[in-house]
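In the two assemblies presented below, chain A is common to both, partnered first by chain B and then by chain C.
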Partner chain A sequence: MVNYELSFWLALPAAAIVSGFFGFLLGTPVMRLKGDYLGIVTLGFGEIVRLIFVNWIDLTNGPMGIPAIPSPSVGGYTLTSNSDFYYLVLVITVVSVFIIRRIVQSGFGLNLLTVREDEIAAESIGIRPTRYKLLAFTIGALFAGVAGALFAVTAMFVSPDSFQYVESVNILAMVVLGGTGSIAGSVLGATILTVAPEILRFISDYRMILLGLVIVLMMVYKPSGFWGESKRKRNFFGKTGGYQDGNLTAGGSYGQVRGTGRG
Partner chain B sequence: MEILRLEGVTVKFGGLVAVNKVDLHMDQGEILALIGPNGAGKTTLFNLLTGIYSPTSGTVFYKQQPVNKLKPYERVDLGIARTFQNIRLIKNMTVLENVLVAHKGCNSESVWRSMFLTSKTKQQRQNVVADCMEVLKIVGLDSKIDELAGNLPYGEQRLLEIARAMATKCRLLLLDEPAAGMNSQEKKQLVDVIRNLSKTYNVEILIIEHDIRMVMSIADRVVVLEHGEKIAEGIGPEVQNNPKVIKAYLGEDI
Partner chain C sequence: MFSQQIVNGLTIGMIYALIAIGYTMVYGILKIVNFAHGDIFMMGSFFGLILIRNAGLPFVAAFAAAAVLTALLGIIVERFAYRRLRFADRIVPLISAMGVSIFLANLAQKLWGSEVHTFPQVIQIKTYSIGSVTFSTIQILIVTLSIIAMIALHLFVHKTKIGTAMRATSISITNASLMGINTNFIIMLTFAIGSALAAAAGILVGIYYDAVYPTMGYTAGLKAFTAAVLGGIGSIPGAMVGGLLLGVTENLGSAYIASKFQDIIAFAILILVLIVRPTGILGKKEIKKV
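Moving on, here comes the complex of A and B:
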């Protein structure tokens, strides 16, 4: 945007695509790793990227960072005030949540869940575990790219310091605190970890210790987080039509497809 | 027509020979029972057929085509599906979801289609659901679609695994001790389900089962394994009176 006077509305998808692409590249070799090891590799990769940003002066201006990132404009109106940016972020968040919900509540989402729970079972019903792990990784990176683009225009300045290791940890803590496997949980966790340090400003130096304590207690006593994955009550893939309580009611899609003469 | 053929298939785990030079064949429409004492190599043979293990030597042919190198999910595409001795349902998914996710129309849905969710996609989903409901009806679980799989009693979990395997539209169905943990009432229902699948849906069924009465009542042919070797093969009574088989089972109620 700075060098090429690219519109924010082009830079945003570009950021998503570039991030997604690197997620894919990184994901390809590391998909064999599981759990903690996978986490360590991704954190390590984050550090590598940061160091590259520090040293690749031509592209990133090194530790000095990129100043004066222009503000996005909507139909000729350039966003300036805090509330302008609030609405920008809100709209993009709502759209993202909508898209992620669609992705989760689909055949694709069921595949991801199956692979997470039992890879052998997944393979034996025709699902390729590595493919779906890689796609999940790529989609995650894509949305991280969107977040990065938003961060850049809101802060109007980015430098390698903006992407310290603690940022990754912070984002991870949001998910753990809010609840894994749940969109609402992630939103809640992000809200808590953004608002809490502000509210707790009066105990300044101790607030981080307090937050650390809360997270540790959470992991011990309620590992599912404040709003973790909910018990599934019914499938969300498709309606079962007039099929309720085991009785076929007239006009149900099941009856029609079966050709039982009810359609 | 021959649907499955094993030629001199051996599986070794280090020094242990779990399956030893086994020859086997299955014809179209057949229900074949695989029996043998504990540790005989029956489950290992299933893992071999589904691609979880590959043979140390020998070749597996499915519809005349060697499948040794194919991955489990590739074999599903060819029409091989299975159930597990130690049930492997997704316990925190609903009964219907467990079946849906095995259906090609569901598990091959692309991210794009999921994201844009056009009315065409919705209609396709509707058809997939109807398809899966039909399979659930065969096993008698159509009234429990919204229950979590993990909350079903044992016998019903086994039936659900059969429904899940069927949802892949398989041609060859491998059942690993489907009656384990069932009472006689449930076993009767299971026998009906298996017969129905074989007749109505034309699937070939290879079944591992310890209940010899059940084996005799549904199997067209029986193969006996012991210590990884095939020690007998034939129609029920032939095998039952085979001295080798009696010896292998000595102490067990045959």
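Moving on, here comes the complex of A and C:
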């Protein structure tokens, strides 16, 4: 927006697409890795990108960052106040959550679920795990791009140092707290972790220490989070009818998910 | 210039190797990436610093005491953050480890401030030169201590009864406990040894760079993990080879390409190795069974 004078409404999808593309780029080689290795590679990648951006002064202005990002406008009205931005973020979040819900509940989403439950079973019924994992990765990156663009216009300033490793951990903590594999859980986790520090201001010095402790405690005692899979799964399987007449592969994979009988 | 870079690379490589051993031992036995290991290294460095600067202990005593304290810290971390997750999905202990990492890094920041602490001069630093290569007393100290530690560890793992039990546990925890091995003790011991070595690395690096700070664990941890993966995770000689290789590559890269890319080189190696040969140089292939 600053360099090319794009309107916010063009910059937002552009940011999403570029981020999605990088997600795809990173995802392509790393998809062969399993859970923990994958996690670490993404951390390494995050560091590389940050270091490149810190040193690529021409594009990002290095650690000084890009100031004075123009505010978006809706039909001639330029967003200025905090509440304007609140509604902007709210609307885009609701739309995003709606889109992700549609994705999860589609035949494509069922295939994703199958891959997660059992890769080998998925492969045996013609779902290519790598392809679905890569797509999930890309979609995740896409929405992260949306969030990044929103962050830029709301804060009116970005610098590579706004996105340190701590930020990743904070977001991870949100997911963990709310419950992995659940949209409602992610929203809940994000809300708790953004609101709680405001309420608990008197112990704000200990915020990160507590955050670390909370992550450990959650993993040890309730790894599925407050609104995690078990709850979602029940709802999901409760509404069998709606999903059976999805597309063919979806119907097939649905049976398989039940067949593998986890949870 | 070239040989000087090699010497500097080997020095820092020894440090990476010492930290990497902790990663590799824990991975070898529990198959989890102890992501908090970098922060245990940082805590070790601080323990050493505090014992020397504030408690005024002599260097050798402080070194040993810091190693013991850090070993205890490692045991505590295992007990509270990992033990219950021993049979959980592999991503669960990794996230738990990140929690520990955040906890320790911020605890250190709270206790000792976020500034960079300098290390008091504990040993007479002299520089020697052979031809065009110069090296300091501290470099000699790092290399000698690391080599001694590694040989001792190798003998311990291969020549003692506990070492045998350790290797048995790394093959199968269940079967080892059926053979009468106290696997909880072995796992505790693994964490203790790894953490003590990390503390040694922390103190040495603190003296070498004359800097100790709460966030030093993250980059060092990630690099040591790279070293462990490069050498073949789960293999102790692999950690040594990986550490030295990483140290040298990184130094040559920063000397001949660009110094600001030093960290990028390490992480690029990590990603490359994981993609091309996830078993590393000396690692064993893991066979995926249906």
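Going forward, the second predicted complex is superposed on the first by the 229 of 263 C-alpha atoms of A that agree within 3 Å, B and C clash if a C-alpha of one lies under 4 Å from a C-alpha of the other, contacts with A are read in each partner's own complex, and residues count from 1 in each chain.
The criterion applied here is as follows: a residue touches a chain if its C-beta (ideal position, glycine included) is under 8 Å from a C-beta of that chain, and two chains touch if they have at least 3 such contacts.
These numbers come from a predicted model, not from an experiment.
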{"item": "Touched partner set for A:Asp36, first chain B, second chain C, both or neither", "value": "second"}
{"item": "Which of chain B and chain C A:Val95 touches, first, second, both or neither", "value": "neither"}
{"item": "Touched partner set for A:Ile203, first chain B, second chain C, both or neither", "value": "neither"}
{"item": "First (chain B), second (chain C), both or neither touched by A:Gly44", "value": "second"}
{"item": "Partner chain in contact with A:Met156 - chain B first, chain C second, else both or neither", "value": "neither"}
{"item": "First (chain B), second (chain C), both or neither touched by A:Ile139", "value": "first"}
{"item": "Partner chain in contact with A:Ile120 - chain B first, chain C second, else both or neither", "value": "both"}
{"item": "Intersection of the chain A residues that touch chain B with those that touch chain C", "value": "120"}
{"item": "Residue ranges of chain C touching chain A (in the complex, touch as defined)", "value": "32-33, 35, 80-81, 84-85, 88-96, 98-107, 109-110, 218-219, 222, 225-226, 260-261, 263-264, 267-268, 270-271, 274-275, 278, 290"}
{"item": "For the chain A and chain B complex, residues of the former touching the latter", "value": "99, 102-103, 105-111, 113-114, 117-118, 120-121, 123-128, 135, 139, 231-235, 237-241, 243, 245-246, 253-254, 257-258"}
{"item": "Interfacial residue positions of chain B with respect to chain A in the complex", "value": "50-52, 71-73, 76-77, 81-82, 84, 88-94, 96-97, 100-102, 104-111, 113-115, 117, 122, 125-131, 133-134, 142-146, 148, 164-165, 167-168"}
{"item": "Sites on chain A touched by chain C in the complex", "value": "29-30, 32-37, 39-41, 43-45, 47-48, 51-52, 55, 120, 165-166, 169, 172-173, 176, 205-206, 208-209, 211-216, 218-220, 223"}
